[in-house]
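Below you'll find the structure I mean.
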Amino acid sequence: MDTGTIIIGLTIFVLACFAGAELIAKVPPTLHTPLMSGSNAISGIAILGALLATGHPESFNSISVIGFLAVILATINVVGGYLVTHRMLQMFKK
Amino acid sequence: MDTGTIIIGLTIFVLACFAGAELIAKVPPTLHTPLMSGSNAISGIAILGALLATGHPESFNSISVIGFLAVILATINVVGGYLVTHRMLQMFKK
Amino acid sequence: MKLAVLKETEEGENRVALIPDSIKRLTQKGFTLLVEAGAGSSAGYSDQEYEQVGATLVSSLQELAAQADCVVKVRPPSLEEAVMLKDSSVLIAILQPTLRHDLVRTLTAKQITAFGLDIIPRTTLAQSMDVLSSMSTIAGYKAVLLAADTINRFFPMLMTAAGTVSPAKVLVLGAGVAGLMACATAKRLGGVVEAFDVRPEVKEQVRSVGAKFIEVPVSEDGSGGGGYAKEMSDEYKEKQAELISRHIAKSDVVIPTALLPGRKAPILISKEQVQSMKPGSVIVDLAAEMGGNCALTQPGQTIVAHGVTIIGHPNLPSTMAFHASQMFSRNVEKFLLYLCDEKGFRMDMNDEITRGSLVTKDGKVFHELTSRLMAGKSQ
Amino acid sequence: MKLAVLKETEEGENRVALIPDSIKRLTQKGFTLLVEAGAGSSAGYSDQEYEQVGATLVSSLQELAAQADCVVKVRPPSLEEAVMLKDSSVLIAILQPTLRHDLVRTLTAKQITAFGLDIIPRTTLAQSMDVLSSMSTIAGYKAVLLAADTINRFFPMLMTAAGTVSPAKVLVLGAGVAGLMACATAKRLGGVVEAFDVRPEVKEQVRSVGAKFIEVPVSEDGSGGGGYAKEMSDEYKEKQAELISRHIAKSDVVIPTALLPGRKAPILISKEQVQSMKPGSVIVDLAAEMGGNCALTQPGQTIVAHGVTIIGHPNLPSTMAFHASQMFSRNVEKFLLYLCDEKGFRMDMNDEITRGSLVTKDGKVFHELTSRLMAGKSQ
Amino acid sequence: MSQHIINLIYLLAATLFMVGIKYLSSPDTAKKGNFLSMIGMAAAIGATLAAPEINGFTLIIGGIFIGTVIGAYAAIKVKMTAMPEMVGLLNGCGGAASALVALAEFHGNSTGFVPFTLLTLLLSLIIGGLTFTGSLMAYAKLQGLIPTRPVTYPGQQIINGLIVLATVALSWLVFQDSTNILTIAGVLVLSLGLGVLAVIPIGGADMPVIICLLNSYSGLAVSMTGFALSNNALIITGSLVGASGIFLTKIMCDAMNRSLANVLFSAFGKVDESATATGEIPAQTMKGGEVEDVATILANAQSLIIVPGYGMAAAQAQHATRELADYLGEHGIEVRYAIHPVAGRMPGHMNVLLAEADVPYEQLFAMDDINDDFAATDVVLVIGANDVVNPAAKTNPASPIYGMPVLDVEKARTVIVLKRSLNVGFAGIDNELFSMDNTMMLFGDARSSLQKILATLKK
Amino acid sequence: MSQHIINLIYLLAATLFMVGIKYLSSPDTAKKGNFLSMIGMAAAIGATLAAPEINGFTLIIGGIFIGTVIGAYAAIKVKMTAMPEMVGLLNGCGGAASALVALAEFHGNSTGFVPFTLLTLLLSLIIGGLTFTGSLMAYAKLQGLIPTRPVTYPGQQIINGLIVLATVALSWLVFQDSTNILTIAGVLVLSLGLGVLAVIPIGGADMPVIICLLNSYSGLAVSMTGFALSNNALIITGSLVGASGIFLTKIMCDAMNRSLANVLFSAFGKVDESATATGEIPAQTMKGGEVEDVATILANAQSLIIVPGYGMAAAQAQHATRELADYLGEHGIEVRYAIHPVAGRMPGHMNVLLAEADVPYEQLFAMDDINDDFAATDVVLVIGANDVVNPAAKTNPASPIYGMPVLDVEKARTVIVLKRSLNVGFAGIDNELFSMDNTMMLFGDARSSLQKILATLKK
């Protein structure tokens, strides 16, 4: 990994932090829990890393076991997260 | 310029657009003009391009003339923009 | 210029035309003030107070009248008083010229310049001199207090451990100054207040004091062709009368206030309508002095007819003589300062207020309705 | 059980103990109701209305008293009336037992079970039966109306073309139910209202109706050592008295309402304090019936002393007989339903309300203060 | 699929996540936001699966299947009241996944990393591990599996400090030799321990904040993984979640009137006093309402009955009351007032004040006329009343007010009580209404509470 | 300086710009924001100057010197009232600079570009050029150098359409051969023309919005330049300005009650009717105030006198009046009421209503007691009064109310009048107060205006 890539990564990191912080600035308290839950589901994006770790080798080895576990956990996070968020939002009428 | 760079550029573009739009969402009307003026000063960042265009060649040629003009105009934008903004903000007490 | 303040002689009149406060300011402006002894006492202003601000106390009316260039009074002078006034002097008072032709004749005979406080034009500019406005304010307020004090029930709604007391329904007929003040006061006391007036523009004003304006709901066919307008209007009036009858029957307190300038008050409440009211209800007739808006009103008396108490007090402002005199005095002061300075009267006959309030001058009657009426009578 | 409603005989008493509305409900519950003819007429409830709801009209008191198991009344019965009551029957009325020893003696002699509406314990639970509360509400309201109607000035502030009218200053002494209601009503009318009470906890209540509580500004040294507390307290009381004097002198209307249960009212306004007031001011003494809170009060009369009108009306609720009777009746109804059903009285002597309101029973006096006072007298 | 296209899809996914979060912050659009965010996730996963690096699908499909089943089951079965702990658990899974990915990366690479990559991998490992156990602890505390109260013991701070030091030291060793799986495992173990120890001294009432904070951490972990894998999707999304999470944490702290520093600090061992105090208030029995929650409840009601009491008078809150009622009325909510006969301190006290504030008589109802309507009412707003809404008058024969008719407010769907404290009223008796399930207390002077509610509604 | 460090500094600069913009959106931090943004700019320029590509400094220093002198002079000399047009002018310079940079890039490269770079360069050229002339037009309109009213002529839309088509066609030619400087110049000329024609049909009153939009465009141009030069600083900053500018444009349109589409559309030739109407209201003579502006004025006042009139009564706005006064009082502003003796329709009308709304008597002042104080008062709020504040009573002997004492409201620093229209009052005469320099009209029902002001203040 070269320094240029790191700097670009940092640039993206800073911008995304700004966007993330600003996006959330006006959320009402009743939405705190759904929002937390929704962004928790998003953080299940770690699944991409898990997929890459698991899909890499053709053979079955300790890495793929770790990756497999990671896929399971990340999937739970993603699927559970979105569903839970959805259920909470169901409760809001109007 | 390769496609990877373009995509990274686009990524940055999108993130910055989000950040820009969200940053401004809560501005009160009295600050419309200073804000416009302040962001206008920032857009004077075009001066970087002008500098790069002017500083390139050692010799004096038509490009450097164009660049020179660009530097002047961009500097006017930057300096004038910040000063004007500052003067407007001076008017706010408290 | 010598101004004289007379003591009121009419029965039940407690007010005084100028209070010490005004006299102080007039004296400072250079006027000389003579005050009949005891003039302010029934309104709560002692002779001492008058002397302190520089007025000269004079004990006899005769003496006073002989000296004064201008005499101010609240009520119209009696004929005897009028006779005593100095010839060609100025008189300022409520004069009721359309009713008191004898008085007007006496004044013309004595070449007196008489201004009627009750006929000052009701313009924005003249409002500070307008005693009708200020006295109507008092009458409207006091009418409600009288009603509340007379009726055997609460004005406000109360939900208590001893049950719920329903609010009194108050109906005000005629929403001029007195009517609006009555509405506002009854509203303050917690009554449910409705008002009606023939002038449609007061609807907004009635609402502005928190009362409801009674109006006939205009049916859609009302907006039909022009030819039917007249016919509609009659039907409309009928509906209106009926509507008001219904509201009278429902009301606990009715306060009619309709006056017609210079004439007998219109009858707004018939005997039948009184009968339709609940026993114990109260009518305070603010038009009592001009004959009353209620057919059964006995001016000057409180009677009970068909279980309804009808109060015909002719002079409510006088019952609040302290503030009534203060306001009256302020009006008179503004009027005086408008008409004259310490040297004398300007008599600018092009001025709307001067011309409008002038009743007699140089032996002539200037008030048109009066002269028309007097001419009519002598025919 | 047969309940009888008597017509009031006391001078100036217009109320009736039960109105048709209550009678209707009681009849539905199985009570038999006898009503003396004309009992409700002065309160605005006709005999017809009573008959319509199922009451039996009885024209003579004697006949009525002979039949009834329980007699209800507003005011204490006169001795003649008491004698007519059936032996061992029940009487419910305002009894004032601490004052009317003769009456109490008559009742014990006749073995009558007498409940005093005026001595019901003032708990949250008993509030729906508490005639003192409901009648105080009326008295407080009416006192202000009387004052406003009597005084020669406005209550509200008005800024008009005829000058600015300053608001009336109203001082309420004693902030119980009547006092609070007086504060609220005067405030509604636009007065500037202040109140004082010896109980410090009512400060918040006074403020809650928009009035100002008068209090001695506590100086910092007040929080000194415990030993000085008593001394401070005397000095404090003096300061307080002086403060109240100053406020009385400034006030246009003073409404004292302080009562001591079962005893003569305390004097809160001395002759000197009356003299310090402006001529034209008004005092409405709500304690008039118990001797008055003002030294000059003549119970039952309106007098003018040192230019101050002092109203000593002994029975303001009676002037609003319609609503007063409605509330009284509701209280009596709740009280009856609490004490008995259509078969008879429960007489649960462990019950606070039953025990607390019982004056005589089986020839014995149950009200302690009364028996103490009667014993004291007979010693 | 070419890497460029995959990256473009990642950009699209990130955009969808941002729009999703934006939408999630308003009740009107929240559902749509969640949906958009799902689409983004699906797109990102799909693109990754199409990446050239991925050749074996058996494990992936198996893993996704198992994860889906578990996740969906848990999400569907969980009770609405257990949502916060559920989120905590899910978040723990995310953290664990990050840590595992880092571990796999360490494991699969025997040639060593450039320092930056190593740093990010380590951070990913530590933060992921800490998030995992921390979330589990939060879950256990909220479920009552371990004591909810702050657990403290002597020397706690020293022990925590030592563990942090040990983690740093081991990490340094990893920097020296990134192939030694033992040191790496050591770091992981220490970070797992750190998660436990960080959460244990925090009271159960603070757990939602902790979960939110840990959510932010897991975002951070993801973004570190992204740096390590040079994957922009992970960087963007991770930092998005990290930043929004930390911000949300701050907002939640503000709403609890505590500083973020306070929470962060107590999260590292110091026994924070206010946390203890919070732990002692029986949070289960008394629902203290936030102004915003009250406002939301009112805004979503169809019918409202206002019950004024002496406290409204004492606070002179009649005008504020009418203003709120007017506002709600204008927004289509049916507003009525229930006047108890003895409310206040004089007969008609409430009437006088409400009339002064211009409340129309038509909206006032005496107790007898409205008592049956409470059961069909969405929300009752009790403003400084106490005795007149005390159910003891109906249920407790020993109560001094037993037998007095009272307003049946507790029959309404939700009761909101505005009061300054839990103090008694005139009759001096406790009121169990305040601890009922459907009651929400908003403490504070009635006038200012009403003004705050209105201001919040108008926002 | 290494390119990496330069890029890091660029990132820092971009961060400072973002923080700067964030701070600019609140009055309390705006100055700091501008300052931070300046630092960012200085850092970015410094870093660029240290870049290896830059070897010759003469022209650069000369250019910066000249630009600084002109920019500073213009910024210092410009009158406060001419600020919007000044911003327009400066923005035009920025646009021109972008276009020139693109031109230089075209000019300096004889080998051709990849299509993406070519596209971004062309866009930079077109948008920059359009921004330049558009801004000049806006400046000229605001300065009154050309007619402020919308200029229209037959076939305008067709002509504009043709020019757009021509621009596209020429651009296509550039794509074929990017070394032909003639076609490139043609594109530039056409885009300059487009700028003129796009702004000419828009009324002067809309110019601030147009300037804001053009500002957004110039950001876009910068960001295109950034793509062309692969310069992330330009991309970030340009898109930041572009996005915030378009958003601000929308906010400004909302404040004017017009849609962005409406402005964008009329900007391309169609004569928009509401624009015409706006142009016809004598904006110079009657300052229509926005609720927000009124709120800001009130919030910044030290002393306020409220003058109620019949309109307050008719609107039943007494409660709303007191609420506003209470709020301002609580925030340290001295509030008094000036009651004219004949205000309203009956003697004491104002008193009755204000007392009902619980306004303390101490705050009410009769005309004579307060008339001298207006001159030393920051703000007068006239609520539905007309005749009683009509200066004609003092100045115009021909007026029917000449001689009546009136409230000297016009002596205060600022007068805000709440009314529904310019209609006359009871006396039926016009009121020149409404068109005085220090008067701001807020049209609408008094009650709802007051409520809006209060809601805005509370935000």
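The letters A, B, C, D, E and F name the chains in turn, as written, and every chain counts its residues from 1.
Just so we're on the same page, contacts are C-beta pairs under 8 Å (C-beta built on N, C-alpha and C of every residue); 3 or more make two chains touch, one makes a residue touch a chain.
Everything quoted here is computed from the prediction, not taken from an experiment.
**Student:** Could you run down the chains that neighbour subunit A and subunit B together?
**Tutor:** Both subunit A and subunit B are touched by E, F, going by the contact rule given at the top.
**Student:** Give the chain pair, either D-F or B-F, that is connected by more C-beta contacts.
**Tutor:** B-F
**Student:** What's the rotation angle, in degrees and to the nearest 5, for a C-alpha fit of subunit E onto subunit F?
**Tutor:** For the C-alpha superposition of subunit E onto subunit F, the angle is 180 degrees.
**Student:** Please state whether the interface between subunit C and subunit D is built from the same residues or different ones, using more than half shared residue numbers as the mark of same.
**Tutor:** same
**Student:** So how far apart, in whole Å, are subunit A and subunit F when each is placed at the average of its C-alpha atoms?
**Tutor:** Inter-chain centre distance comes to 41 Å.
**Student:** If you average the CA atoms of subunit A and of subunit C, how far apart do the two points sit, in angstrom?
**Tutor:** 82
**Student:** Just curious, how far off is subunit E from subunit C if you go by their C-alpha centres, in Å?
**Tutor:** Between these chains, centre-to-centre, one finds 69 Å.
**Student:** Between subunit A and subunit E, what's the gap in Å when you average each chain's C-alpha atoms?
**Tutor:** 19
**Student:** Could you check subunit A for residues that touch two or more other chains and list them?
**Tutor:** If we look for residues of subunit A contacting two or more partner chains, we find 8, 11-12, 14-16, 18-19, 22-23, 25-26.
**Student:** Residues of subunit F that touch two or more other chains: which are they?
**Tutor:** Only 14, 18, 22, 232, 236, 341-342, 347-348, 352, 355-356, 358 qualify.
**Student:** Which positions in subunit C touch two or more other chains at once?
**Tutor:** 127-128, 133-134, 137, 156, 158, 160-163, 165, 188, 190, 210 - these are the residues of subunit C that touch more than one other chain.
**Student:** Which chain pairs here would you call touching?
**Tutor:** A-B, A-E, A-F, B-E, B-F, C-D, C-E, C-F, D-E, D-F, E-F
**Student:** For a test of understanding, state which residues of subunit D touch subunit E in their complex under the given definition.
**Tutor:** So the residues of subunit D touching subunit E come out as 123-125, 127-128, 133-134, 137, 140, 177, 180-181, 184, 188, 202, 204-205, 207-210.
**Student:** In the complex, go through subunit A and note every residue touching subunit F.
**Tutor:** For subunit A paired with subunit F, touching residues are 3-4, 7-8, 10-11, 14-15, 18, 22.
**Student:** Residue numbers of subunit F touching subunit E in their complex, please.
**Tutor:** Listed in rising order, the residues of subunit F that touch subunit E are 319, 322-323, 356-358, 455, 458-459.
**Student:** Could you list, by residue number, the parts of subunit C that touch subunit E in their complex?
**Tutor:** 156-165, 167, 190, 192, 210
**Student:** Within their complex, state which residues of subunit F touch subunit D.
**Tutor:** Contacts found on subunit F: 339-342, 347-348, 350-352, 355, 358, 361, 364, 366-367.
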